[in-house]
Structures are given as structure tokens and as C-alpha cells.
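First subunit A sits with subunit B, and in the next complex the same chain sits with subunit C.
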Partner chain A sequence: MQITDGKIGAREILSMIVMVVGIKATDTTPNMMIYHAQNAAWLFSLMIGVVMLIPFLVLLRLMGRYRMGLYDLLVHLTGRWVATLIVAWMFVWLFISAALNTRSYIDIVNTLFFPQTSLYFMCLFFLLFSWLVAKRGFETIGRTSWLLLSLVVFISLVLSVSIWQDMNLSHLYPLLGPGLGDLLKETPRHASLYAELVLMCFMLPYATTYRSFRQGTLLGYGLSIFVIVLLNAYYVMVFDYPAVEHISFPYQQLTRAASFGRQVAHIEAIFLGLWIITAVMHFAIYLYLTAYLFARTFRIHEFEPLILPLTGLCLLLSGFPKNVVQINEIRDMVISSASIVYLALPFVLWGLKLWRDRSS
Partner chain B sequence: MIRRLWLTVAMGMMSLALAGCADRVEVERLAHVVVLGLDYEEGNFINVTFQIANPQVGSTDRGQAEKEPPTDIVSIKSTDVVTARELANTIIPRQLDFSHLQTLIISESMARSPVFHKTVSSLVRIPEIRREMSMIICREEAATFIKKNKPRMETRPHKYYEYMLDQWAIRAVVPDSNLNGYLKNLAGELYLVIYATTERLEDEIFENEALYRAGEVPAEETDPVQMMGSAVLKEGRMIGTMNGQETRYAMLLRHEEKVHSVISSFPDPLKETERVTVRLLKTESAKLKIDVSEEVPRIEAKVKLYGQLLSTEGMENYVTNLDHQELLEQTIEDVMTRETMDFIRRTQEEFRSEPFNWHNQVRKKFWTWNDYIRYDFIGKYPRAEVKVVYEVEIENFGKQFEPVTVNDKHAE
Partner chain C sequence: MAFRSWNYLRSRAGLSSAQSESDPMRAFIDGQLTDDMLMNIQTLANLFDYPDNDSLKIRHIHIRALQVDAAVLYVEGAADGQAVERTIIRPCLENDQQLDAHQPAERINIIKQQLLPSLAVKESETYQELNDALLHGNTVLIIPQSSRAIIIETPGFEYRTVEMPQVEQVLRGPKEAFIESTDVNRSLIRKHIKDHNLRCEKITFGKRKQNTALMLYMRNIADDQTIQRVKKRIEQVESDAVTNLFLLEQSIEERPYSLLPSILLTERPDRAAAFLQEGHVVVLMDNSPVALIAPITFWALFHAAEDQYQRWVVANFMRLIRLFAMLVTMLIPGVYVAITTFHVEMLPTDLMLAISAARERVPFPIVVEIIFMELTFEMIRESGVRVPAPIGTTIGIVGALVLGQAAVDANLVSPILVIIVAITGLASYIIPDITLNFAIRVQRFMFILFGYMFGFFGLALYMSFVIAYLVSYKSFGVPFMSPLAPRLPASRDMFTRSAFRQQWLRPSNLSPKEKFKQHKPEGN
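Showing the complex of A and B:
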């Protein structure tokens, strides 16, 4: 047996980013984008991607300069107390997001595939499996993601080919949707849709080298944005605006439209299966990150045992919202209130570094 | 060893979970609805007709159920489709399931009533309903249509509709209509839906074969259903019908729609009483020039068609005589342009909207959605200046040169 050092390379990081950011194209995120950006949802998702990339590049630069993960960097630049405060806030934000998203994923499954099964049981099983993956550790999550990535890419290609006939390019026009002004106004407000990218920076010490981390995150982010833009464009091209605005789960409806001729027309089960597996990976990463952040807040060294109690708490929290509409509302609020922090943090750190350089 | 045992046991336990919990269904306990019919009833009610396929027919298991009919038809009066399904389950022992439902049949009286849109828009809420479901509007009651539709060669109804739609998809005398398309076109543009009937109308016989509507095709002793022409829907309500020819022109003028085989006859330019039959193919997108800079939109459509000569009843030589060839192309272009312009005038005056999906091209002219809505293309369409140019190129002539004549002695 080959002995590993528990560290992961560029390709594992790449696939983890896809699992944690790219999958957002398939949950209720596109609803939010279509709501704000009409038929220009694809452009909107691209703009958010670009806006989030700038602070991330700054952060990468800083981490490369000090050869530190985000946590150490925070401690180094802002001091122990402020760092703890930031990490605590991030923990709360991520934890709420995790609970809300669990519920929203389960709502999709409940509405479209298992309408009579109890929501609570589905949440329980879903989180149970996510916990089983998360507790195997960061390396396992990374390697499993890498195994799944090729399947995800393959399935996306299958989807593209099978809905090709139903697409109409002209539905993407008028290109700017609600207008450039509105898009520019909404973009920074929703930047934290991709904030997991910043959170992944805590995991730099788990990567073999800084170089591979940078490569992995940038490529993974690029691929994720590509997938999100593509799927958002598909939704509009197939269902057309304004009809697409009334569709609650566009990805799942899109997979129902997928067909190869009239004979092979009911293939959504394939997409559902892989989607659930990817979603389990998504939440495994979420749970792992929450445990990490929680441990750093309270300066607990051994954090992997914390995953189980946090999973239980997540299950409890996810039961609170009444239905998917309420979740979407809360989610929009959570996302737009956090965006400014994720956008500003790298610049603040950079400023502190400059200030420090000058004073020393 | 212990570890492996433990793993095997755990995996065995997990496979138990695969059976599912509350939503498990046995395939045997499902009754698959393959056709759904909707009729308008007095008051707040609709009449929902379910045609349920018998899976034993057409399978190797046929011997077990020799006397059973291929389908079972149930009609239930109710306020909506879901409650009708629940009521149907008091009659049918198996659970009615929509996951294989591919055809929706709506009666004309229903389509003309405001109940239609309400019913359809609440229909799409049902999780199993697919947006790719074909829509057909029939002249009579949908219940009668479904009951009468017993094609002789196709025992299984879903196969019948599948083959029929595949056939018409290339021949373009009926549109390809489905639920998704209907939901996309609710903002004032015309949506064309397949028009069908089992009734026979005693009507005149046309020389031009595409002028018929469903029920008017002169045929005797056949399968009861005819599908021809289209029902015209605007803002979620049926407002009229179009015959096969008009439907065909609507398809030809659509930008992206490909038409693979239009077999049509035209008056023989050299012999007035006779007709020439050609197959026309539209393999390239129609070229559209839409000018929206002024108050009245100006539209120029250019359609390139490739022709194949199929039959010349007039026995004139259109093959080796190049002048005649050109004359024939010219005639086809003229006839088509004339008919198209008549048709466009009809859409402008009678329907006051367009079935050509031109609004999708108009969208490209604007940067924001609000600008596009403010321009109000559909509202301006009745006054639009439309110009249509056909370019016909006959590229093959069948496997004969000149028509074979009687007493052809080849003496100079």
C-alpha cells in the first residue's frame, strides 16, 4: 500500500472547487440569477465570477508572499483577536448557508422525485452520507471529487448534446437583459455566491505546494464559472424568458427535456443519480469547512471529531424554514449581506500588509 | 477478515435503503396514462379523459391477456386534472401515472374558452408532466376524439401519435407543437398547434392539396383521424384555424425552422389546366432583415428552397429544356410569393399578430428587455411592411429526362 502524506495536489483542488462552486448551477441559485438578471442570467453569473476573481487573486498573492494559509495570514496580519472574530463570522455564515442549502437540495428531490417521503428523513440520510464522506478527511474528499469530476464533465456533455434540439439562441437576446446599470448594481451584492472560493484558502496547508494550490483553484474556478454560465444560458435558451422565471428548479426540468430522439426520452434518472452524489460531495466539503472554522474560532486543535455534532446541528437548523420560497428569501439576504465582507477582506489584508511593510 | 465481513454486512444493509421509503412503487401497480384529453364543461368543470395503455398488448406477454383491449379510456368530470385523476382511481384498480404521458388533446371549445390557459398552466405544476408533451387541438370533444381514434394498423396509441408526429415534423402541413412552446409564446404572438379531427366534412375538393384542414381531406374507409393545418392560439386562447398551406408558409418563414420535405403542386406554366408537383427543401435558415429604426417595422424575408421535380401531369419538358426550367422556377416563386403575401395579410388583419417567431429576431435589435417591450413589435406588426422573396433552385429531376410520350418514333 502506498503511504500518503494527507496532502492533495492541483487536480484534487480543482475538482473540489467544481464540487463546491460549480454545482450551484444546478440548485436554486439560477432562480436568483434569473430573478435579478432576466434573460441575461448567464452574463450576470459571468460578471459575478469576474468580480469575485479580483479579490481572490489579491488573496492568492498575499498567501504566496507569506507562504501561509488564510488562517495564519489573518492571525499574522490582523492579530489573534480580530482573526478569531473574522473566522467566527465566517463560521456562522457558512453554517447557515449549509443548513439552508441542505434544505433547498432536499426540497428539489422532494418536489420532483419523492413527493411522499418525509423531508426530515431525506435530510437525515443526505447529511448522514455527507458526514460519512467528510469524516474520512480532506484528502479523501479531494480524491473522491477527482474521481467524480470526469463523470460530471461527461454528463454535462451528454446533457448539452441531448437538449441541443430544444435550444434557441435568439432567446438570449436582448443581450443585456435588465440593462447594464442594473446588472452592475446587482453584481457586487451577489459576489458571495462564489465565496466558497475564499473559504477554500483556509485549506492551503493541505495542498502539496502553493503552486499546485494556485493552479487548482484558478482552473477549478474557471471551469465552475464556465459550467454555471453555460447552464444559465441553456435554461433561457430552452425555456425562454419570461417563462423560465416561473420554473422553480430549472436544472431538473432541463434534464427532463433531455432526450435522444423519441425513443430514449426518459433519462433524467441518470442526471439525478450523479447530481445527488455530487451534492453529497458538496455538503461533505461544507461540513468539513464548518468544522475547521469552528475549531479555529475556539482554538481547538483536533477538529475532525467536531464534524458529527455540527452535522446534527445542521440537520436541526435545516428543519426550521417553512418552504423553499422562504429559504430562497433568506438565502438572498444571507448572500447579499455577506458579499461586501468577502469582497473587501483581501483588500483590507493587502492594505494591512502595505502598512506593516512601511512601518517596519 | 473481520473488517471485510463487517463491510459486506454494511453494504447489504445499505442496499435495503435502495428500495426507498414512502415513494416506492411497483411497476405492475401503475396504470400508464399515454393520452390525456381535456374538454370544457358548463360552469367551473372540465371533463378529463385518460387513455391508459395496456402493457400486455404488443409484448410477448400477449398470450396471457388475449381478450383485453389495448387501451382503457376513462372520462371524469372534475374541476382540475389532479382531482380527476384521484376520482379515476376509484374506478381503475392501478395507480394512474403520468410519467409516460406524451400527448395532450384539447377540444376546440375548450381551447376557445378562458378555462384552457388556467388548466394548462396548473397542469405543468404536476411533477410528472413533461414540457415536451405534444399538444393537439381537435375539432370535436376530446373524449369523442380519443374514443374514436382506433387506427387499424397501430394498436398502441402512443406509437400512433409518435409516428404521426414524426411524419408531420418533416412535411410541415401541421406544426410541431408542445407544451414548452405554448408556454414560451404567451405574449401576444401566435402559437400554432396541431389541428386534428375524427369528423368528416363534406367540402369541396381542392386542386392545391395543401388547402385542406383536418377533416376535409377527401378520403374514404380509412383510419378515423386526420391531422392537417393548425389551430391558432394567441394569449392563451384559440382564435382561429389555418389550413395546411398557411401552416406550411408559417414554417417556411420562420428563421430557424428547417423543413425537409414539402411536396406541393403548382400550376403548369405551359399548360393552364395541369399541375406540376415538386418537393421543396428548406435546409438553410430564412434570411431576415428587420428594420426597427422607424415607427413601422420593415421586414424582408428571403427563403432559399431546393426543389426536386416529382411529377409533370402536363407532359411538358422541364428537364432538358433550360428555358422551361427557368420558367418553372419563376412560376413556383411567383405563386409562393403571392400566396404568402395573402397569408401575411390575413395574419395582419384577422389575427393581428405573427406566427413566424419574428419577434425572436426583433429581440436581437435591442440591448435591454425594457427597450424591446417598449417598442411593442407585436402591437406594430399589423402595420408592418413585409416583403418576401423566394429563391427556388431545382436541383434534381427524378429518374427520367423528358416525359415518356405515346407514339414517340424519334423521326426528324
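Showing the complex of A and C:
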């Protein structure tokens, strides 16, 4: 048995999905959700999760049918040029998201914990370490994520226990927030919040089997949605709407509220540390995926050396936005403009498949 | 066999005999023995620069039983003189039964079968083998008209007796340690594993193929690929200066600049035996009071010998303490710097006030203070190892009094820092393996640096790198953190261990041929 053949199993995929999707509960994504869905942010995040699940299942089915990763599937069904175009678009989208998110994460840390440290210096170190992790390969990222998954579960539990007393269940009502109509309207627009799930399909060739990939992604997605829903509910329950709308960084604010008795009252720095470790994994996966997409666009075979220049470019890009408000605006725009693509793509591919089946 | 493979390697490398002019003895050594006894003796004498070089001893004797002259050759210091006298010279001289033999081959047979009372006797016809035999403390017997010589094993290298382990001590468990002799070490391992599947291979390496190592593994358990990998690595060692396992370890490891070791050296035969039974390869060498174990995982470094000998509760308690100590050693100074520099709100107010009051009179920034104290502690530790035993007590006085009390009184450091450094130092001694211990102690300074630069943000950044590095690190193809990441079937024996009788599964990260140690226990 060869055990280090560059492939990863269901456990690793599960934890990578959690690192790449689940962590969104802790950055500025909840702000966006709370902005659109008010106190029903938790329901909103659940609805987005369900909406995104359907095209993903279609995609899984397609990949299972042809036994190939998303890239090969695109080439097979749409032809080389269209596939390259789609991949190029995905690269640009993911790359902009990576740069924006980097900036947004560092903004959080900078504003709350290190107001006197240079923002760009922190960005530099953050991306440097993300690169150091990413360059060790997909296998390592997966296994490290798996090792850290228990940590994520552990801190979630600690956080839940420590803020238990501050929660008020009645803050969740009215359950539908702004009303079902608004929620239904906003849900598909924000589907690309979980678009990384589709992007992870490019990595099917790295999984040991299709079965383990399916298991890993579905379980990981379920766990991620659970975490996001839970944390969104916590924010509303602890801070109450509309106060929660004016909190820029709800997760960090929540960790400030965490306490165990009088002596251990300020442990937010520990949460910060553990959060940053998972964030490094998050961006390592981002960088690896962007390098992969870039290489596929330009048909470069060896893509791991590309991670470094792309990291540098990401650092430059992340310096452009002026402040956190601007970042959130751009982010909302980037997310809502891409949703339609990620929602429609699997169905288009499915249609192409049917058309092919019929014509052959 | 050794000779043939040497020639094979030379021909592979494109070397002919003519190219070995740098070593004039090479011409002698490559040849075969002739029928001329004097010529044979002369060639060996030339090899050893006899008689200018006072190491080769040549003793001419008359074998009474056969009525022929013969020569006995041995290297003084390598061979056991008394054994040569007792097992070779005396039987040849004193045995007066008349045996009839005229052919050289017959004579050799008679000598081997009827005259020599030694355990190990063999024949050879090449100078290379005779040369090696002499250097390994064996004795060569040359008789007239024969192109073959007899080699009798009479090694007489000095070694000490088996003693208690110096580093890996236990309260419960066997208390024997390896010594500097391969034969003794091998027998110590055999004592633990009485199994015909324990295979022992001799590997020669170095430019002249003069160095030998013994590679041990369980034929029915160890993975063939791993065995070949280790073997190939050892055979590829070019240097002749690799005379013990400490140098061999550095010659065969994959990442010589890494902080982490990819090989374990243990001085305990019971540990070596336990590793063998899980499918690892053990290498023994002369002059090394340790056994080399490859491949290894993080757990091999983290576990102590005693963990399996203590009962379940005690062993797991020790393990948890050890894990805690490891984190303390690595992180506490960095965390202290991070908290006092960036996250003061984490401390209870009273403690924070106490610290700042104590620090008020200290003129240096906190990072200078802590690096000063940590370096001092490292110096105390290092001098503790180097200092001659009779003056060792002075170090205690200097350490405790001067650096603890006086440094605080002189306002060089704050008192809480002394506590931090003392706890760190104490905790670092709990890590059982010395190389892991070093690695963690060095990492501590990196954590101090990052804690000072970015507080918990910096600590987390560096920590994520450390974890990713640990996961990606491999020892002879085996992932370092397996069977945890990647998760593979194995009996639970990582940060904690399961009850001894529940450990029925061999760790599959080593790809063992037999996956089970025993049948799956039923009940409890």
C-alpha cells in the first residue's frame, strides 16, 4: 500500500470544505446576511445553502457519470475554447475574492487587535504564511485541515458554552425577518457565497475515489452550513436586531463577550489565534485553487510554482480598496454578480449532456 | 560476496584498476592468492606496510599433524591475542596425531575439520577478503602451495559491559542499554524477539566498503519497499569516516537542514524490539551505544519507553502531562510576550498591575528581557552537559543564585519572567527524545519573535506553518503525523493510548505485511 500518493480521502475533503466555506461565518459575510435578512440571517444562510446544494448535486451526478473532474467535464461537454473561457472567468472571480477577503480579514485583525501595526505589513505576513502552507501541496493542505478540524469543533463548542448565558432565544423572532418574499428574492443573488463548493469540484482528480469525494463534500458542506447557521443565530440571539446590524465584526465581538467566570473574562485573543490558523488554511486553499485555475486557463502543466507570483499579485490587489465599507460594497457586488453563473452552470452542463446523448 | 559487489560498483562507475593509482595498495588488494605461500604473505605484508607499521603480526608455525609450515597473521589490537594462541597456534603445534594429506585442498579441510577448535572458520582466495578479515580482528592462516587461506574469527575489540540507560530512564521496565559492540547489541535485541523471522543483514558501505552496519527487520512484518529504501540509503553512503550510527544517521537522512529528525536513535533494546515488531527497520553499528530506527513518525519521538509498561491510567496521564509540557515549552515565552505587548486585557487586572509594577524598574523592552533570560538558561543547560563532574555543583549555585535572585535585584529582569523561564525549562525536560527537545527549544525563539511582532496573530501564523510542516514531513516515505493525518487504521497509540490488550492492530502507515498483532479481543 502506497500511502502518500498525492491523493486525499473523504476526511480531508470534508475538512477543506469546512475551512473554505464554514469559516465564512466568522468574517464579514454575516454582516451581508444580516443586512439583507435582518434577524433571519440564520434562515437566510440555510436557504442559500439549500439553493446552492441543488446545482451542486447535479454537478456531482455529472462528474460521477463521466468519472472526471470539473475541468475535464467542461472540456468534454463544452469544448476546449468555451471551457477555457469559463475557467478563466472563474479564475478572475476567485482571485478578486481572494484579494478582497485577505484585505477584509486583515482589516478585522488590524482594527480590533493591532491598530498601530501597518495593515500592509500584516497582509504581507498573512499571505506569506498562506503561501508557505499552500506550496506544500494539496495533500498537505488537506491533511493539515483534517488535523485542525477538531480544533474548529472545539472552539465552536467553547464559544457556545461561554456565551450561553448571554443568549436570548426570543431575539430570533420574527422567524422570517423581513418576510419570505424578500428572503426568496435575495437568496439566489447570494448563492455564490458558497461557490467554493463548485470550485472544489476541480479537485476531484486529487481524491482517492469519486465516492470519498462525494461523501467528503456533502458532509463538509453540511457541517459548514450548520456552523454558519449556528453562528448567525448566535449573533442575533446575543446582540439582538437591529443592534447586530451596526456591529462590523460580529464573530470577534462575540468572542469578546465570551467569558468563564470573573477571572477568565477576556479570551478573545485566544479565539483570534485559533481563527487565524484556520484562516491561513482558508487562504492556502484559495491560493492553490487560483493557481490551478490560472494554469488551466493558459494550459500550464506545472502549476504549483505559480502560487508564489499569484500570492504576490494578491498582496498588491488587496491594497487597492480604501476602507472596510468599500470592501464590503465590492464584495457584495462580486458575489451577487457571479451567483447566476454558479447556479446555472451545472444545469447548462446537464442540458449539454442530454443533447449529446440524444444526438449520438 | 562483498568483493564482487565492490567490483560491480566500480565497473558501474566506469573505474578500471588502472585508475586507482591514487592508492598504490589497490593493485595488491584486487588480486587473488597464488600457490606461493611466501608471495601471499609478502603481499599482505606490503598491504600493511610491514614491518615499518607495527600492527600486522606474522607468526610462522609448524603444523605437527600435517608436517607442514604455515603462517599465522593477525592485526594487533584488533584480534584477541589469547584467542589466537588458544584456538589456532596451540592446536597446530601440539596435536601430534599423524594425519596424511598431500593435496593443499585436503590439508585445508583437515585443518578446518580436525585441528581448529574455533566456532567460525572459513576459506578465502582474495586479498580483499583477507584484508577485511584482518581489520575486523580475524586471524588468517596461510599454508604452502595453496591459493586459499583460512580465516578464523578471533575479534578482540574492547567494549564495556551492559549498563543502565543514561538518557531513556524508566521506573518500570527493563533496565539494559545498548553498548558499543554490535554483537552484544544484537543479542540484546534477540533476547526480546525469539523469532526466526527476525532477519539480520550485513550492509557494507563507504568508499572502500570497510564500514559495516547490521540491518534488522521482521521478515514477516516489515514492508519490502521500506527495507529497500533504508538499505539503498546506507549503501549510497560514500564517506569512510562514517564509523558510528550518529554519523550514519546524518548521512542517510533526507532533510539534513530540517529541525525535525527523520530517524530515531534509542539506547533501549526493548524499544528497538518493539519498533521491529511494528515493522520498522533497526540498524546497528559498532561504536554506537544506540540502535537506529527508521522510518519514524512524530509519535516515536513523543512516546517514552515507559508508556507501554505503566498501566493505562498512569501512562495516559503521563502522556497528557507531556503534551502539556511540550506546548508550554514551545509557547509560553511567546504567549507571555504577546500578552504583555498586545493583549494585556487578557490578564486579570490584579495580575496585570502586579506585572507592570514589577516591570516598572526594568529598563529593557520585554523581548530583550526574555531573550536574555532564555539564552542564559540555555547556557546553564549546555554548561551542565559539558562541565566536569567534580565542579558540577557550581552551576547550580550560579544558576539559582546569580541569575535568579541577583538578576531581579539588579533590575535586569522582572520576577515573573524568572518564573516563566523556569517553568519553560522544567517543561522542556519532560520531552523524552533529545532531538525533538532541541527542535522545540529552537522553535521557542521563533515564537517569541512572532509574538513580539504580531501578538497572537503572529503566534497563530507561525503555528499554522509548523503544523503544515509537520504534516508534510516524511521519513523514508512515511508521513510524519500518520496515522493521525492522514488518518489510517491503527491501534490508538498517539497522544494517548488504548489499553494494552486493545492494541491488536499494527499501524498501517508502515504498510506492514501482517496487519494484526493478535486476534481482535472480545468483550471489554
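In this text, the second predicted complex is superposed on the first by the 357 of 360 C-alpha atoms of A that agree within 3 Å, B and C clash if a C-alpha of one lies under 4 Å from a C-alpha of the other, contacts with A are read in each partner's own complex, and residues count from 1 in each chain.
Criterion: a contact is a pair of C-beta atoms (placed from the backbone, for glycine too) under 8 Å apart; a residue touches a chain by one contact, two chains touch by 3 or more.
It should be emphasised that the depicted structure is a prediction, and the values quoted were computed from it without experimental measurement.
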{"item": "Combined model on subunit A where subunit B meets subunit C, clash or fit", "value": "clash"}
{"item": "Touching partner for A:179 - first (subunit B), second (subunit C), both, neither", "value": "first"}
{"item": "Touching partner for A:238 - first (subunit B), second (subunit C), both, neither", "value": "first"}
{"item": "Partner chain(s) touched by A:38 [first = subunit B, second = subunit C, both, neither]", "value": "first"}
{"item": "Partner chain(s) touched by A:132 [first = subunit B, second = subunit C, both, neither]", "value": "second"}
{"item": "Contacts of A:272 with subunit B and subunit C, given as first, second, both or neither", "value": "second"}
{"item": "Which of subunit B and subunit C A:148 touches, first, second, both or neither", "value": "second"}
{"item": "A:326 touches, of subunit B and subunit C: first, second, both or neither?", "value": "neither"}
{"item": "Which superposed partner A:117 touches (first subunit B, second subunit C, both, neither)", "value": "both"}
{"item": "Superposition clash, subunit C versus subunit B, among 135-143, 405-413, 441-449 or 495-503", "value": "441-449"}
{"item": "Shared subunit A contacts, counted only where both subunit B and subunit C touch the same residue", "value": "113-114, 117, 125, 265-266"}
{"item": "Touch list for subunit A against partner subunit C, complex", "value": "1-4, 8-9, 11-12, 109, 113-114, 117, 122, 125-126, 129, 132-133, 136-137, 139-141, 143-144, 146-148, 263, 265-267, 269-270, 272-277, 280-281, 284"}
{"item": "Residue numbers on subunit A that touch subunit B, as the complex places them", "value": "38-39, 111-118, 121, 125, 166, 168, 170-171, 173-180, 238-243, 253, 256-257, 259, 262, 265-266"}
{"item": "Footprint of subunit A on subunit C - complex, ascending", "value": "338-339, 342-343, 345-346, 348, 453-465, 467-469, 471-472, 474, 477-479, 481-482, 484-488, 508-509, 511"}
{"item": "Residues of subunit B defined as touching subunit A within the complex", "value": "17, 20-23, 99-100, 127, 130-132, 162, 166, 180, 183-184, 186-187, 255-256, 360-361, 363-364, 366-372"}
